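There are two complexes below, and they share chain A, which is joined by chain B in the first and by chain C in the second.
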Partner chain A sequence: MDTQYPPIVNGASQYDLDSGKYVRVWQGPQHPGVTGNMSLELDICGDQVVWCKTHVGYLHRGFEKLMERRRYINCFPIVCRICVPEPDTNEYLFAAAVEDLLGIEVPEKAKWLRTLNLELSRLGSFLMWIGGQSGAFGMGTVAQWSITFRDYVLDLFEELSGARVYHMYMIPGGVRGDLPDGWKGRTLELMTRVEKLLDEIRHVMLNNAIFKQRSVGLGIVTADMVDRFGVVGPVARGSGMKRDVRKDSPYLIYDQLDFEAVTEDGCDAYARTLVRWREMYQSIELIRQILDRMPTEGEVHLKLPNVLHLKVPAGETYVRAESTRGEYGYYMCSDGSAFPRKVTVRGPSYCHAMSLLEHLIVGVNIADVHGLMLSLHTYPPEIER
Partner chain B sequence: MKELYELLKDRFRLSDFSQKQPVQAWLKVPSDQAVALITHLRDIHGFSHLVMLTCVDWIEQGKFQLTYILHNYHDHKDLGVKVYIDRESASMESIHHLWEQARTYQRELYEMFGISFPGSPGLTDPFILEGWDDMPVMRRDFDTKAYSETHYSHRPREIHEPEEHMKQRMYPED
Partner chain C sequence: MNLRDILSPFYVWKRAFEKPYSINTLSAPRPGAPRYRGFHKNDLDKCIGCGTCAEICQNATIDMVPVREAKDGDSGLRPRVDYGRCCWCALCVDICPSGSLTMSNAYTWVEEGLDLDVRETYCYIPGHDPKPWDNEELGYQRPEGYELLDLKRIPMPHLHPEERLGSFIEMVKGYSRELAIMEADRCIQCGICTATCPAHMNIPSYIKAVREDNIAEGLRILYDTNPLPGVCGRICTRRCEDVCALSHRGEAISIRWLKRYLTDCVEAKDYTRILEQEVTPTGKNVAIIGSGAGGLSAAYYLRRMGYEVNIYEQNGAAGGALRYGIPEYRLPYDKLDKDVDFITSLGVNIHYNTKVGHDINFDAIYEKHDAVFISTGLFEPYHIGVQGDDLPMVISGLKVLADVTNQVPIELGNHVIVVGGGNVAMDAARTSRRLGSEVTVLYRRRLEDMPADKEEIDEAMEEGVRFIFQAVPTGIEALSDGKARFIYSLAEMVDQGDGKRPQPIPISGSRETLDTDTVISAIGQGMNFNWMDGEAFAKIKFGKWSLEADRWGQTSDTKVFIGGDMFNRTADAITAIADGHRSARAIDKVLSGS
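Here is the complex of A and B:
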């Protein structure tokens, strides 16, 4: 039977790039549709992708190597830079891993403040993502709205921590400070406005015929692929798997909050968009719950000895948290000195952007490649830590 | 987790069990039994999620510690399987047939630590450091400072005495 796909010999497709039927193109590392500096080497036939290889390394700064030569507290300016849209997950996990090895428990109020910070950063990261996802399908207007609102979220972070992007708010032993005066009111007001924005996004994006036509059926991740490819987070939840680290292995005070893991059964890019869009409402609801029930009194930071001379007992640990892209984890190994022996970061993109994307992209129209990448929410610095 | 360890001990030569939290445990297994143990854990005991595969360089003992962290989605427990291999001509059996993402981890470990995983597809393709010809960078004996000093030219810095410098720039006639 004559098909448009090349013949498969020994498990790999065989075709002649000089035949004129196939073209090899590079998408990225500099491309408006690519999330971060990552490139895809694509072989296309007509406008369909027949083969893909992900190339990373354009952002490699050797974070894990740098951390081996720095004291624990000096690693904080490094870890937050592993993920630009959502640095707080990295800060929390690094602090949590150090606290776990030290065997210390942070004060109750610091736990609430950390959870608040994590949810707010999830919301900010989702707002950036929905801009990318809509922009990938030609709806730049939604991107302009959502990035504006992400900036308002960053304003709140600036007020809280003094920094807009890299907050370094969570440090071993707790957080750096309490909420400023009037911050709670301003946050609640912004949450109402974000909710209104999400309602509007539903009309113009989720109900948009073009968006639906292009995203329904794009990048199908079936339930049996989830474990085989190490799929986590909204991508797994978009395939009907009820997996959420916040619910399954509760950390901080997530076990005291009232929420359910969001799932959809579509398995495609549209289902993943719906999951993330609903999770933004969930984050808003969680922020409201936290602000409503947070203790007003109490310490926000433990009294620790001089952190520059901090020696962490020998041992190893793995801590995890739910980021916008799924399970984020830190493995930390200490040899009892003042420097970490080894820190390894497990970013969800490591599985999503490499093996899974290379698998899903075959047969996709070249115009939908961005949409597929964004629907997996890939982010290269997590791969090349 | 202790019961699981006792159960597995009948089949595999396990040692060094440690558990600090109820949901997380670590154990050590010889390298020739590691892949059999991981396959057993995945297929029989529900550890279906490979969280990560990483390596710690214990240069003092001349060993690499490969750490496979597995997660069980039914009871939400983590098991860290530690395998010690020699640093010299380091090699380990591949697990790319168990999880698709394992080949990416093994490709990274090959490039960063020089550990070979025979049979792993695309193992020697450059991952991050294209065109690298020095020793693997994540080994602890790789000195980043010495490398940059030998490979990049030093940019000498001009140092001026501030008062004299500003006088020269603003009132050169005086």
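Here is the complex of A and C:
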């Protein structure tokens, strides 16, 4: 059979859109299969993608620029909006960067509460993702279950922080308040139920012939591509790379917790699904460890200088943490004034959704595009901060 | 792929027998979590309208709108929240200095009126506009152990009480640069203090200058409204601190000490350079009688406006009650001189040892000047009003204080009784302690009724002054050895109803005695009218206890103004300074005809 791909001349595909053989379609920004408000400009030949361009900008709210004109305390309610499904990584990293520049260390108990918060939000974010991943292959049922359970996680967040989505809990200096009464018990109970759900998901999704057929071999990211494309997180771990910021450069109290980075060798969408599915168990286990070992007494917030005119000493810092999508970084530069001179957010979705996706998508059946995107787990707001 | 993978998904059917997860929120509304950040609630009585919520809000959600009558410590404004902008971060709740602002745990808000402007349907004033969640207890409040404000004051270093007793050295050591900046950093710059300060000093701005280490700018701000900042930085009655927003949940900013810090940072010789200002002479002149706080303040501002100013002072040095009524350990003379010298350096003439009515005639002054400002203060002490209050060992507190200033040797003996509960009584008692006497203060009412500054009472106690409360003097008898027997009866406080001050009524049959060497009476002082005669005064209307004047201090004679203790009821330095400034502006208005 003749190749469906157009001829390559000087490294670029050569084809004539007017030939009638190719169609240019836009997927998104309003499309249920696209992760958030981004769009893919696809040239397809039959039902195979021959070329892709990722377009973002539909969600641009200019957070990095906004922060340059806001006092540090007023940046705090902004940063969580950079990633809607998992805002806590942003909260933590912003607070950690400010604390680093101020040269302060948060109280021990605040570190435990922050870690707990981060793990719980990882779980919530993964539950949302697994719904999307299964939905992309036509299995909406799993999405109904997992989104429900994400809501139960949000209930816990509501009790802990006072909000379901934008928790605004990790403030520079520590956290806003201790655990509410009975929260620990309710959390442990939910963890048991989530575990049961994950067991069931194994039956209906991971052991599903259709899911396997469509995801195995989809979007191969080989180990040598990891560094070339800047691949991080579960995508890298799905290619057998043992990379996890929580292990490689432990922050908060991750060095006191007992866990191993999860890896799979499949290099494809199925392996990445497995990694994330196993990491949900890992998060549950970490939450249990934290609740079990967390100090009951102690300060949760360190007294800062007056936040209304807090000036941060001149300097720059880069802090990083592991989010559900991988390594997340905050670069912050202060000129000694009351406003951050520059804050740059390094979201893992940038390389996953831009360069890597454009590369992997070539040759993929158009029906599998969503599954591929979701297996890279991208959140557009962190591409366009 | 194997058979298991084909059969496994059918596992999902098991779930068909489970109860649905969804809940019907319409028929059974699910309440928000106890900490849920819902719509705002505000305790209007607790709220002081400081506007810190609006200040910290990053979305400009909160407007401060007039709801109540403004009064001291309450701007009368209350926050109005625009829910088209709010992001429910609750920083406003966290930083609220009075703790009045909280949030309910309400999820929904349904308002009728789709045809209305969104400003009416999206915005409301929590606590003022009734909402269903007003009385709900649950909802977000500032959590325990988390505080954005710094509620603890930086302690001011003091001399130890025993060190104090040996001398008249200033007991307050003053803030260092680091401490001053830390203290200034606590300020939230709400400006509630400015409204309360009689002179309406721009307190938030000069505290900001301290914080930013811009001393020159701070000094300029001080002199905008107060030409005696070095004095007020030590002895001000600081009503600003009473109303400080931070005092509601913690300790007020040390506004007075920060003012003192600013003036202490600048040497006298630098004042001229920092406060340089171009003055256009008007060719007119103003006489000022009395060089106390009011007179000096009027003189400074009139001079800045281009008038020639002559002050007539009966004593050999300027300052009035500041010099002769306040002991050196609270206000060292060199600090007073620093402020006075700067005013005289601008070209203000002070005629010392010139008592009007004695050395110079008031009519002559009246003729020679385009306007006259009288601020002679209260320097006639009241008598105790019991038999024996004219004995030689009964002296007035004012005289003791003036004698110490004039370095007249005084012999008080081993034991001194001070009668009174005001600041003069405290000053006299503590001065007597420094002169080596045991001191007992007798006061008619209770400790909490004492008009003296709380700080002065505490410090007097630290220095070993004994207090007898609810003691009404009934007589003083001379004893043979030159001592006196002070007779008093204990009293009980009788409620007068209607929020009136309870009165001390002597318990019948109670008779207590205390032998002493000296009795110092410090029960208040009044005006001296003796010098006010002549043609000019014949035309001026007198009121019940002073000259009649309008709120600008202008008497019935349009070119005569009064100010200071003879004009206001609070009788403190800062009000006198405010009077002087206000009358200076009024005189300028009259003389320039604008």
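As a convention for this text, the second predicted complex is superposed on the first by the 383 of 385 C-alpha atoms of A that agree within 3 Å, B and C clash if a C-alpha of one lies under 4 Å from a C-alpha of the other, contacts with A are read in each partner's own complex, and residues count from 1 in each chain.
In this section, a residue touches a chain if its C-beta (ideal position, glycine included) is under 8 Å from a C-beta of that chain, and two chains touch if they have at least 3 such contacts.
In this text, all values refer to a predicted model and were calculated from it rather than measured experimentally.
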Original post:
On chain A, do chain B and chain C fit together or clash when superposed?
Top reply: fit
Original post:
Which partner does A:282 contact after superposing on A: first (chain B), second (chain C), both, neither?
Top reply: neither
Subject >> Partner chain in contact with A:303 - chain B first, chain C second, else both or neither >> reply: second
**OP:** Using the superposition on chain A described above, determine whether A:384 touches chain B (first), chain C (second), both, or neither.
**Re:** first
Original post:
More residues of chain A are touched by which chain, chain B or chain C?
Top reply: C
Original post:
Just chain B (first), just chain C (second), both, or neither: which does A:161 touch?
Top reply: second
**OP:** Go through the superposed model and pick first if A:273 touches only chain B, second if only chain C, both, or neither.
**Re:** neither
**OP:** Have a look at where A:35 lands relative to chain B and chain C in the superposition and call it first, second, both or neither.
**Re:** neither
**OP:** Write the angle, vertex at the C-alpha centre of chain A, between the C-alpha centres of chain B and chain C, to the nearest 10 degrees.
**Re:** 70
Original post:
What's the minimum Cα gap, in whole angstrom, linking chain B and chain C in the superposed view?
Top reply: 8
**OP:** Report the residues of chain B in contact with chain A in the complex, numbered from low to high.
**Re:** 20, 23-24, 26, 48-52, 54-57, 65, 67, 69, 73, 76, 78, 80, 99-101, 103-105, 126-130, 137-138, 140, 144
Subject >> Contact set on chain C toward chain A in their complex >> reply: 1, 4-6, 8-9, 11-12, 15, 21, 32-37, 52, 55-56, 58, 87-91, 94-95, 103, 140, 143-150, 185-189, 208, 211
Original post:
Tell me, which parts of chain A touch chain C in their complex?
Top reply: 70-71, 73-74, 76-78, 141, 145, 148, 155, 158-163, 166, 168, 171, 174-178, 180, 200, 203-205, 207-210, 212-213, 299-301, 303-309
Original post:
Okay, in this complex, where on chain A does chain B touch?
Top reply: 56-57, 60, 62, 64-65, 68-69, 100, 227-230, 243, 248-249, 315-318, 320, 327, 329, 331, 333, 341-342, 344, 346, 350-351, 354-356, 359, 384
